[in-house]
Structure formats: C-alpha cells, structure tokens
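This is the structure I have questions about; it appears just below.
The first chain written gets the first letter, and so on, giving A, B, C and D; residue counts start at 1 in each chain.
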C-alpha cells in the first residue's frame, strides 16, 4: 500500500462489468407477466403483451444505451494505466448513475408519453455522458494514460467524447421542446459548443502532428 | 487504441458470464412463495406448490436452455482471436435476447397452455440460435479465428451450428401446428434446409481434407 | 477446439462465482419492507420487524449454507485439471439447484413451522450435497485431477465429502420425524452408511500409504 | 490441497466483487415506479417522484456507503497474501452483512423519520466497520500479510481502520440521542476510545520507525 492512493484496474473493472451485467438484466424485471382473467386465451395474452409494447421497446432501447456506455467506458479505461482517487470517485459516481438507469428505464417504459419520465431519463443520460468525458479529461490531466497511447489517439478519443456530448444535446432537443423554448436554445447552444470543441481538438491534433 | 476497432475477449466474456449468471438466477424470482390462509397447514402448502409445478418445470427447462446457450457461446468464442465491431454488435444483441429470456420463461411458466406464451418463447429461442450461427459465420468471414484452429474444426463447428438451427425448427413444429398449417410447412422446410446445409458442410469438409 | 470435449476451468468458475454471488444477494429480496399504517411509529416498525424474525433468521442460515457450498465446491475444483462433458453437466445441475435455493429459503422463512417448506428445503440441500460428492467421484474416475494432488489428499477429500453426506442425513432426522418413522430409519441408516464409507476411505488411505 | 486450509485470493475476490456489484444494483429495486391515476399527467408523476425523494436520497447515500466499504475492503485485501480459515469466515460474515444492506437501505428509504429504521441501519453499518477492523487485525496476528508491506504501512492501515470506527461512533450519536442519553454516552466514549487507539498506533508507528 503506497502513500499515494491508487487502485488496480482489474478489480475496479470486475465491479464495473458486474454492475453493467446486472443493470442490463434488471431492466427486464420491469416487464411484468400480465394477469389474465382467462389464462388459456391466447388473444387476451397477446392483447396484454401489446399493451406492454412500450415497456418492451424501452427495454431494448435502454439495453442498447447501456451497451453503448459499457463499450465507451471500456475503450476509455483501456488507455489508462491506473486509477487514482479522483478517477476512482468519478468511476463510482458513473456506476451509481448506471445502477439508477433501470429505474429511469422502468419509468419511461411505464409512462412513455409522460414528460416527467423523460425529465428523469434524459438528464440521467446526459450526466452519464458528461461524466465519461470528464473521466477521460481527468485521466489526461493527471497523466495516468498508458505510455503506448499516442497523442493523436488521445485527441481522437477527446473528439469522440465531445461529439458524444454534442449528439446527446441535439438528441434532447425534442424533450426540451416540450418543456420550454429556452431549454431548446440551451440544448442547441451546448450541442454547437461541443461540436466546436470537438473540431478544435481535431485541428490541434493535426497541428501537433 | 488502434484505428481499427477491436475489443479484448476477456472483458466481453466477463460481461457475458455475468449476464448469464444473472439471467439464470433471475429465472427463480418468478416462482413466487404462495400465500396461504393457514400458514401451518402443510397440505395447503403442498397443494399450492403443486399448482406451481408448471412454473418450477419451466424454471428447470429454461435453466437448461440457458446452460446450453452458454456452453455453445463459450465454445464458439474459444475459436475467436478478437472481437471487431460487427462481432461485438452481434454479441450484444445476443446478450439482449438472453436478458429477455427470463421474461419469456416467466410467461411460459405462468401460462403453460397459452399459445401466445409459446409465440414469445419459441421465436426468442430461434433468434438466439440463429444469432449464434451468424456470429460464427461472421467470425470466419472476417478472419478473426485463432490460427491454431484447423479448417476441419471450423467445418465441424459450422455443421454443429447448422444442426442446432435444424433441431430448433423441427422442435418448433408442435407450436406451429397450433397456429396454422402454413407455419408447420415453413418450419419443416427450414429444418430440412439446415440439415442439408450441415450435410453440405460435412462433404466440403471431407473434400478439403 | 479438440475432438474430445473439454472446458477451461476459468470460464466455468466465473459463472459459478457469479451464480453464488447472485443467489446469496437474492436471498435478501425475500425480506420485504413491512407496510405500516403509521410510518412514524417506531414501535409499530419494530413489532413488524419482530414478525419478520424468522425470515431474517432464515436469510442468515441460508447464506451460511450457500457459503459452505461455495467453499466446498471451490476446494473440490482446485484439485481438478479440466472439465469434460459429464463434469460440466454435473456442475450445471449443481448450479440449477443453487439458483433454486433462494426460493426454498424464502419458503422456509415465510412458513418456518410448515412441514412442506422443510420438505422442499431439506431434499434440495441433500441433492446439492450428493451432487458435490458425485462430482468429485466422477473427477477421480475420469482421471481429471491435477497431477500434484497426492492420493492421500484425494482420500481425505473423499472422506470429507462422505462425512458431509452423513452429517446431512443425521441433520434431516428431525424433519423425517415429522413425516413418518420409516423416513427416520432411512435417514439414520444412510447416515451410518456414509460414516462407514468415510471410515473405509480412511483405512484404505492409510493402507495405501 | 494442503493440510492447512487456505483459499486463493482471486476466487474469493470474484465473489466479493460480484456480491458488491449486485448489492449496489439491488438498491435501486426498492425505488418503485409510482402508480398514477392519469398516466399522461407529468405534474402527477413529478409529485409522485417528489414523494419518493427520500427513497432516491437513501439510494445514493447507501450506494456511497457500499462504495466506501468496497474500496476499504479492497485496500485491506491488497496487503494480504492468502486467506486462512478465520479470515475466510470473517470475509463471508462481512459479505452476509453487505448482502443484508439493501434491506436496511430500503427500510430507511421507506421510513426516513422512523427511529426503528435507523436502529437497523446504524448497527448494521457499525458491524461492517468493526468486522473490517477485526479482519485486518486477524490478518496481522496470523502473519498473512504480503512481505513487501512495510510495518509503517501496517500501522497506517490500522490507524485508518480505528479512525473509521471512531467516525462511525461519532456519526451514530444523533441516532443514540433519539433512544436514550445512556447510548449517547456509550457512543461518545467508544468514539474517543478508538481515536485514542488510533493515536496510540500513530505513536507506536513513529517509535518503531
């Protein structure tokens, strides 16, 4: 145990993989087996499942979101040598939000037309996306990257993260539209800002090369 | 992080093992502890458990199905060097269906005589079986196999996968029979097709040897 | 992929550890938060928790059982080189019973005085214990042990397994007593038989040494 | 399999990581999707979520607690060579309490103002903290530490563990205040005792250096 706190990647990654595996599987627990008056009527069961269509759709959509977050996180961690304290806190906060995701997904599946469900789901997704970007920024600043990662690759990863943020802000415009025009403007401006930051990274990447 | 996307096997396999472990364990959550008027009456509890017999049977059957899928997936992945993007997407889609499996199992356990429950369970199983076959086909096409795997072993695996598809289509004939004769014909023809494809593989395997 | 089927230990063990971790954690899901008329009354909540005492006791008892099974399984697998098909089937059957354990535990916690709950719990435990013993017997017969394991250690493990079976049969006598005297005799005779087998192993171990 | 019982770290750590990952994710299962009379009313859903605020707050607080326990446990285990029988029992008891944690968290989230919920949550946390301290004390006594760990590092870890106990006792004073003044005195004295023990360790650490 050294003076400066650090944590081995392997252990933390086992926890991350475990949490993702469970969050993905727990999504399905929200799809309840419908109660039928006549258990032998296949029409009644099909109709009941039809009513569940939004829950089932939300399941596959949320599974895909979690899969994207998992692959994204994995690719970021691949470039990192070890976790110091701020990176550890950042990762654990990320996990807390990932574990919260099944609740947001259940809410959206149960009330797909309800704005309030989107007001939980969309900001939660945004926080996860921003935490990922922050995580990599911290890792670069604190010089915890693996030596073999070229500065070009670092710039490319930064650019991808920033574009991810931009995509999130543009994708949340329809939700913002249902709240207030001011939020549409905020999302649009933030989306443009992240596109501009990503382009700036691309130029600085080329300049340094 | 290289230009061409790839993912280490170890991480993805941890996720796969985690998802299977949870899906297998979640199956049991559908077997509810029965509510009794008289908690001390062992006859009442045995009778209530008797009513649950189909749920308990569905549990062990679905556990066996998941175990077969897990061993099958494991044996396929053993022959693969790394995951590129299409293989990763294929595996994540496979996982989404595996996570969905406990819901289908719960539906079948709750309504064992209901055709609609089979219409969820059987196509889901079919999709999983077809995805496994597609997964290996993609891996061979994209030349991602481990070098030490002989072309004979590849042909044998292909043959086993295709026979798995054939078994699935023949096994789903009783379900098809309850829907429409046309579906029986479809299942029968597809079953024969996969048997024929498997035999063709066997011959080409011998020819190349 | 060789002609003779085998499976690497590491993968199967990840699945086993995952299943045990989840089965242990799922036990707690059966302890429901009590519903109170007056949420602020601490006396009412303490009284409600008092009613849950048997569920909470069953939780810790079942957790200890699972922990014993896990340590036992782990110590057996440590001596094994690889899994062939019969050992794999034996392990997967063992996992199916372990996954079923939380249901039996919930049943016992809900109806602690009900004989029928014991008639699920006790035979399930017995099957798990017998499967472990069978598993090791198969491994020895099929010569899948690690070379460095001495024949003395093999005898000692056999003896421990057989004593485990004997302990199970003696411990199930109180349950048998509530069913019929004939079952008490069966349990008693089987318990003695396993003690005798264990002693025979001990002698043959000394004889060979 | 040697005569003296021991267990490899890797296997036990997989179980620990699995249990923590599931306990963290299971916390969220207690946040139920609210039932609404009018599913499209976003005001009704926001109001219902507002009522859930204490459950959601308890989720994030309990997640943070589990994260602290996990990091703490991980740092202790890093210094240990192998697990003998007492350490194994200590770790499994620790896991049983960690698995019980989601129930205590659900109780506190459901009845945040109820003293009885605190009387489950606080002693459970205390037991976990004390078990961690005991675990390290046992490991040092039984000389199971990795050789490369300096005696200074051991003293520092001891000190941190004892300070953790002290923090727990001071933090439980508000709860004690609601029970009886005598318990406040007990918590205060125990807190001071652990601060004094930690200081004594600091001095002995310096003296030995």
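Here, contacts are C-beta pairs under 8 Å (C-beta built on N, C-alpha and C of every residue); 3 or more make two chains touch, one makes a residue touch a chain.
In this text, all values refer to a predicted model and were calculated from it rather than measured experimentally.
*Asks:* Could you say what rotation angle superposes subunit A on its sequence twin subunit D, using C-alpha positions and rounding to the nearest 5°?
*Replies:* 90
*Asks:* Taking all residue numbers at the subunit C/subunit D interface, are over half used by both copies (same) or under half (different)?
*Replies:* Different, since under half the interface numbering is common to both chains.
*Asks:* Let me check something: if the centre of a chain is the mean of its CA atoms, which chain is farthest from subunit A?
*Replies:* Ranked by distance of C-alpha centres from subunit A, the top chain is C.
*Asks:* Could you tell me the distance, in whole angstrom, between the mean C-alpha positions of subunit C and subunit D?
*Replies:* Centre separation, subunit C to subunit D: 28 Å.
*Asks:* Report the inter-centroid distance (CA atoms only) between subunit B and subunit D in whole Å.
*Replies:* Distance between chain centres, rounded to whole Å: 39 Å.
*Asks:* So which bits of subunit B are touching at least two other chains?
*Replies:* 14, 18, 21-22, 26, 29
*Asks:* Mind pulling up the subunit D residues that touch subunit A in the complex?
*Replies:* Touch residues, subunit D against subunit A: 13-14, 17-18, 20-22, 24-29, 31, 33, 36, 39-43, 45-46, 49, 59-60, 63-64, 67, 70-71, 74-75, 78-79, 149, 153, 156-157.
*Asks:* Flag every residue of subunit A that touches subunit D in the complex, lowest number first.
*Replies:* Residue positions touching the partner: 1, 7-8, 11, 14-15, 18-19, 21-23, 26, 29-30, 88, 92, 95-96, 99-100, 102-103, 106-107, 110-111, 113-117, 119-120.
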